[in-house]
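There are two complexes below, and they share subunit A, which is joined by subunit B in the first and by subunit C in the second.
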Partner chain A sequence: MSASRVRVAVTGLGVVAPNGLGAEAYWAATRKGSSGIGRISRFVPDQYPSQLAGEIEGFEAAEHLPGRLLPQTDRMTQLALVAADWAFEDAAVRPGELPEFEMGVITASSSGGFEFGQRELQALWSQGSRYVSAYQSFAWFYAVNSGQISIRNGMRGPSGVVVSDQAGGLDAVAQARRQIRKGTRLVMSGAVDASICPWGWVAQMASNRLSTNNDPERAYLPFDAAASGHVAGEGGALLVLEELEQARARGAKQIYGEIAGYGSTLDPRPGSGRPSGLRKAVELALADAGATPRDIDVVFADAAAIPELDRIEAAAITEVFGARAVPVTAPKTMTGRLYSGAAPLDLAAAFLAMRDGVIPPSIGVSPAPEHDLDLVVGQERTAAVRSALVIARGHGGFNSAVVVRAAA
Partner chain B sequence: MSGPYGRRVVITGIGVTAPGGVGAKNFWSLLSDGRTATRRISSFDPSPFRSQVAAEVDFDTELLGLGAQEVRRMDRAAQFAVVTAREAVADSGLEFDSLDPHRTGVTIGSAVGATMGLDEEYRTVSDSGRLELVDHEYAVPHLYNYLVPSSFAAEVAWAVGAEGPTTVVSTGCTSGLDAVGYAAELIREGSADVMVAGAADAPISPITVACFDAIKATTSHNDDPQHASRPFDGTRNGFVLGEGSAVFVLEELDSARRRGAHVYAEIAGYATRSNAFHMTGLRPDGREMAEAIRVALDEARLAPQAVDYVNAHGSGTKQNDRHETAAFKRSLGEHAYAVPVSSIKSMVGHSLGAIGSIEIAASALAMENNVVPPTANLHTPDPECDLDYVPLTARDWRTDAVLSVGSGFGGFQSAMVLARPDRRAA
Partner chain C sequence: MPSHEFTLDDLRRILRDGAGADEAADLDGDIADTDFESLGYESLAMLETGGRIEREFDITLDDDALTDSRTPRELIEAVNALLVPAEIG
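Let's look at the complex of A and B:
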């Protein structure tokens, strides 16, 4: 069998989201349209134009992780380690029982352990270089989650880390699929990001894409005439990926579906006059999956909530699928945009949508008539979902798309 | 790599921005002369720090053709990447304007992203650490590009006109190998025809120097900066921080041949493994690096005896050089004692995520010139490091296949095999 024919399945989900800790809690909240967006509580945001975030509440790292790991890890790594534990548990895989070189970890990151970084920068500049923590050398960098997950679970196979802003969450999963096709048995993949600290916040605001509307119900309205930027959040998802036949052979308790297709492009240089590459990324993902637009039962949109970016995404969707020809949804309206973590969370939602035959809603949005989209708003919609498209775009013009499919 | 997809990937263009050698030609002249580019840190006052030496790039943005706005919006590492990519593209002779932009991609490795820009900007918005609630009014408009360093890859793509798969690969100190390995895989599987791939880091800032001080990973040979980087030497006591970039044009072999391109080397094999042991510590037995080497050689269909030169990670820390020596013995067997092994970090320092690509450049140029670069500053043998490390002077040496390895925080161990495309398979 040629490597590109090897089918790659998702058998475990680990979710840490602002509206739910754990895949089932997240999914129950998401189906109900229950939002995790609120006023920032981790610092006093009064002085900043953007004061809302999708924060994860009720997460006590010490309840889940050994004490020695706490001082050496940023919040995003603590969340990632726990998400990985949950994903293994969900897949009913004990990593210690698999050959060590046949398990890898491939994650995406956007900003690394930025909160840890702020603390150490503060120590450096206010007290002096001798006050910088011995853990700073690895606690903040982009590779930390892959490294820590591999250590905690004894995974010695191919690992990796990609950074392509929000698109990275899909790029990581595609790279994981590549490694499985080359013979690795299992890869933990996805992303968890968190940088809700004053320094991270100021850096995020510099994108000019954060909404300055501080009403939680009006702040993040993709495809709405009132779209004025997004709310940022923290969290994401980690997924257990395995070669489909091997997952079946071990009697995996569930196979959520397969990573069937992937495509990726970068928008041209600003001012070049050339069109966005988003449509091309979607077409590549469909072709890679051997799917036609009619095979897709739902699109999980990137949902930038910047009018120009919404127009580009709506146009790409209608050009590929036809006007109002496919249901489109953006459950991230309940979590905020989670940077690298956003798209893996959408993948988890897509698999759960397939399992339960429902499309989760986008909340708060009144779709602008200019977008010819069948946006699922307000309430979940019952629908047989056999195949879904997840779109993720990153600052700088990154476009990635993944097609997931029920494993027949 | 002659793997399951049948497409083979070659290097047809090289750009290098290294300490003591801006441009591939100057870089190679530094290496083949065995000169060192390490010195007392000049970009800030290093006297409060334990380690005060570094390998800095003398980087004249104007001379190198960067526009004023490019300089303003890009961190130093991104500037390195763009300048170096332009050199690689020019060197390849490939007409990028004639390519399908969606079949041309970019991967840039970086361990610490825009750490220099972030350090500077933090200092401003926090008023030198006084404000915990940092002041957004003082943030520069491009601060987001520092927060998320995928901006490096976008900048390179914009500079060369690529619109295909584009990403930053950030696996700590193996990033420079992993970014090129990732790009080669995209060509092999058919997702791209041309990749501009490499790495850049510019970590010489107070926060980086301080964090390596805290774990004594960097050298304290401050009294003799030029001879401070001493891989495999008995007196080594840490690495010397460096900075720089190397970028390559990668193409599919047949199309490179059809256009009559100069082929430096084939990316014949690549693998990465994790030690799953410790974020900064290494097990002395070198098992995981040996496994990465074994898989990379297997992918290249080369026997260990076919390796003519090993470009070592050779960081100059006590534990690394022992770990690596063990890994070579474990993977290459008796051949480990026969093959020349050297560390160019003795001359250009350790530029974290960039160095893996800079070492691929050194490996490709060793093949080009049939010269193996030396390990500078190697005077005092260490009984635990008992291989042929090519001390002090370069060696004329027929080099048809090179093994280049990297090892980094997070436990990542990577290996790449470069070989002449017309080699005979084992």
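Let's look at the complex of A and C:
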């Protein structure tokens, strides 16, 4: 069998989301339309134009992680380490029992460890260089989640990090699939981002894409005539990926489905007059999966909630699938946009949608008729889901799409 | 001017604050002659620990003092060797 025909399955999910810690808590909240968006509590947001976020509540790193890891890790890494533990547990894989060079870690990141970095920069400029933690050398760094997961679990196979904003969450999973096709037994992939601190907030505001509506029910309304930007959140998901036949051979407790297709494009430069590459990314993912548009039972949208970007995404979907021809949803309306963590969380939701035969809702949105989307709003929809498309775009023109499919 | 002698309790406190504590190691036990490595502290943890000792006790540890001190007793001796002459002087 040629490497490109090797089927790659997801066998474990680890979720840390603003509306639920753990895959099942997240999924139960998401099916109910329960939001994790609220007023920022991690710092006093009064002086900032955007005062809402999707924050993870009730996460105490010390309850889950060894004391040695706490002083050297940013919150995003602590969340990622715990999500990885949960993904292994869900997959019933004990990494210590597998050869260390046959397991890799490939995550995405968009900002690195901002909260840690802010604290150390404050120490640098208020007290001096002798007051900066030695751990700042890596705690802020994009690759730190991959590195710490690798060290904690003894995974020394192909590893790395992809940085392409929200699209990175899918690009990392695609890279994980490549490595499995080249012979790596197992890859932990996905992403967790968290930078809800003043420094991280200012950096996010610079995109001009944060909503300044501070009513939690009106702030993040993708595909709505009132769309005015997004709410930022923290969290994401990590997934255990294995070669499908090997997963079956080891008697994996469950096979959520396979990563069947992937496509990515980069937009032309702004002002070029040429169209966005998003539609092409979707078409590439379908072709890679050997799927036709009719095979797709639901689309998890990128859902930028910037009017122009919503138009581009709606057009890409309707041009490929037809007007109102496929259910579209954006459960990220309950979490905010999680940057690199968003698409892995959507992948988890897609697999759980397949398992339970339901499409989770988007909340709060009144779809603008001009978009011609069949948006699942307010309540979950019962539907047999065998294939799903997840779309993710990154600031700077990154477009990525993944097709997931039930493993027949 | 250094305020006092550097003790095992100072070291315990600084290790905990700067680098955390390994659940498998009993920092409060008799650790004076236990390798830092078996207490769960690798080179970066020692770098952070050295930095914290330097700023609290206002001394400069050269790199060898850190890398050559394999146990708490050795590190305490190295630190106090820098402190005591200053106090006498």
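What we mean here is this: the second predicted complex is superposed on the first by the 408 of 408 C-alpha atoms of A that agree within 3 Å, B and C clash if a C-alpha of one lies under 4 Å from a C-alpha of the other, contacts with A are read in each partner's own complex, and residues count from 1 in each chain.
Rule of thumb we're sticking to: a residue touches a chain if its C-beta (ideal position, glycine included) is under 8 Å from a C-beta of that chain, and two chains touch if they have at least 3 such contacts.
The structure presented is a predicted model; accordingly, all values stated were derived computationally and were not measured.
Enquirer: Could you tell me whether subunit B and subunit C fit or clash when both sit on subunit A in the superposition?
Expert: fit
Enquirer: Using the superposition on chain A described above, determine whether A:71 touches subunit B (first), subunit C (second), both, or neither.
Expert: In the superposition, A:71 contacts subunit C only.
Enquirer: Can A:394 be said to touch subunit B (first), subunit C (second), both, or neither?
Expert: first
Enquirer: Angle at the Cα centre of subunit A spanned by the Cα centres of subunit C and subunit B: state it in steps of 10 degrees.
Expert: That angle rounds to 60 degrees.
Enquirer: With both structures fitted on chain A, tell me whether subunit B or subunit C touches more of subunit A's residues.
Expert: Tallying touched residues of subunit A, the top partner is B.
Enquirer: In the overlay, answer first, second, both or neither for which of subunit B and subunit C A:59 touches.
Expert: neither
Enquirer: Can A:151 be said to touch subunit B (first), subunit C (second), both, or neither?
Expert: A:151 contacts subunit B only, not subunit C.
Enquirer: Rounded to a whole Å, what is the shortest Cα gap between subunit B and subunit C in the overlaid structures?
Expert: When the complexes share the chain A frame, the smallest subunit B-subunit C C-alpha distance is 5 Å.
Enquirer: Could you list which residues of subunit A make contact with subunit B in one structure and with subunit C in the other?
Expert: Looking at subunit A, the two contact sets intersect at 72, 130, 133-134, 137.
Enquirer: Applying the document's contact rule, which stretches of subunit A touch subunit B when the two form their complex?
Expert: Residue positions touching the partner: 2-4, 43-44, 47-49, 72, 100-101, 104-105, 109-112, 114, 117-118, 120-130, 132-134, 136-138, 141-144, 146-148, 150-151, 153-165, 167-168, 171, 175, 178, 182, 195, 198-208, 264-270, 274, 277, 280, 339, 394-398.
Enquirer: Mind pulling up the subunit B residues that touch subunit A in the complex?
Expert: On the subunit B side, the touching residues are 3-5, 48-49, 101-102, 105-106, 110-113, 118-119, 122-123, 125-126, 128-130, 132-136, 139-151, 153-154, 157-158, 161-172, 175, 178, 182, 185, 189, 191, 206-207, 209-215, 217, 271-280, 288, 291, 408-412.
Enquirer: For subunit C, which residues count as touching subunit A in their complex?
Expert: Per the touch definition, subunit C meets subunit A at residues 17-23, 40, 44-45, 47-48, 51, 54-55.
Enquirer: Note which residues of subunit A are touching subunit C in the complex, please.
Expert: 66-72, 130-131, 133-135, 137
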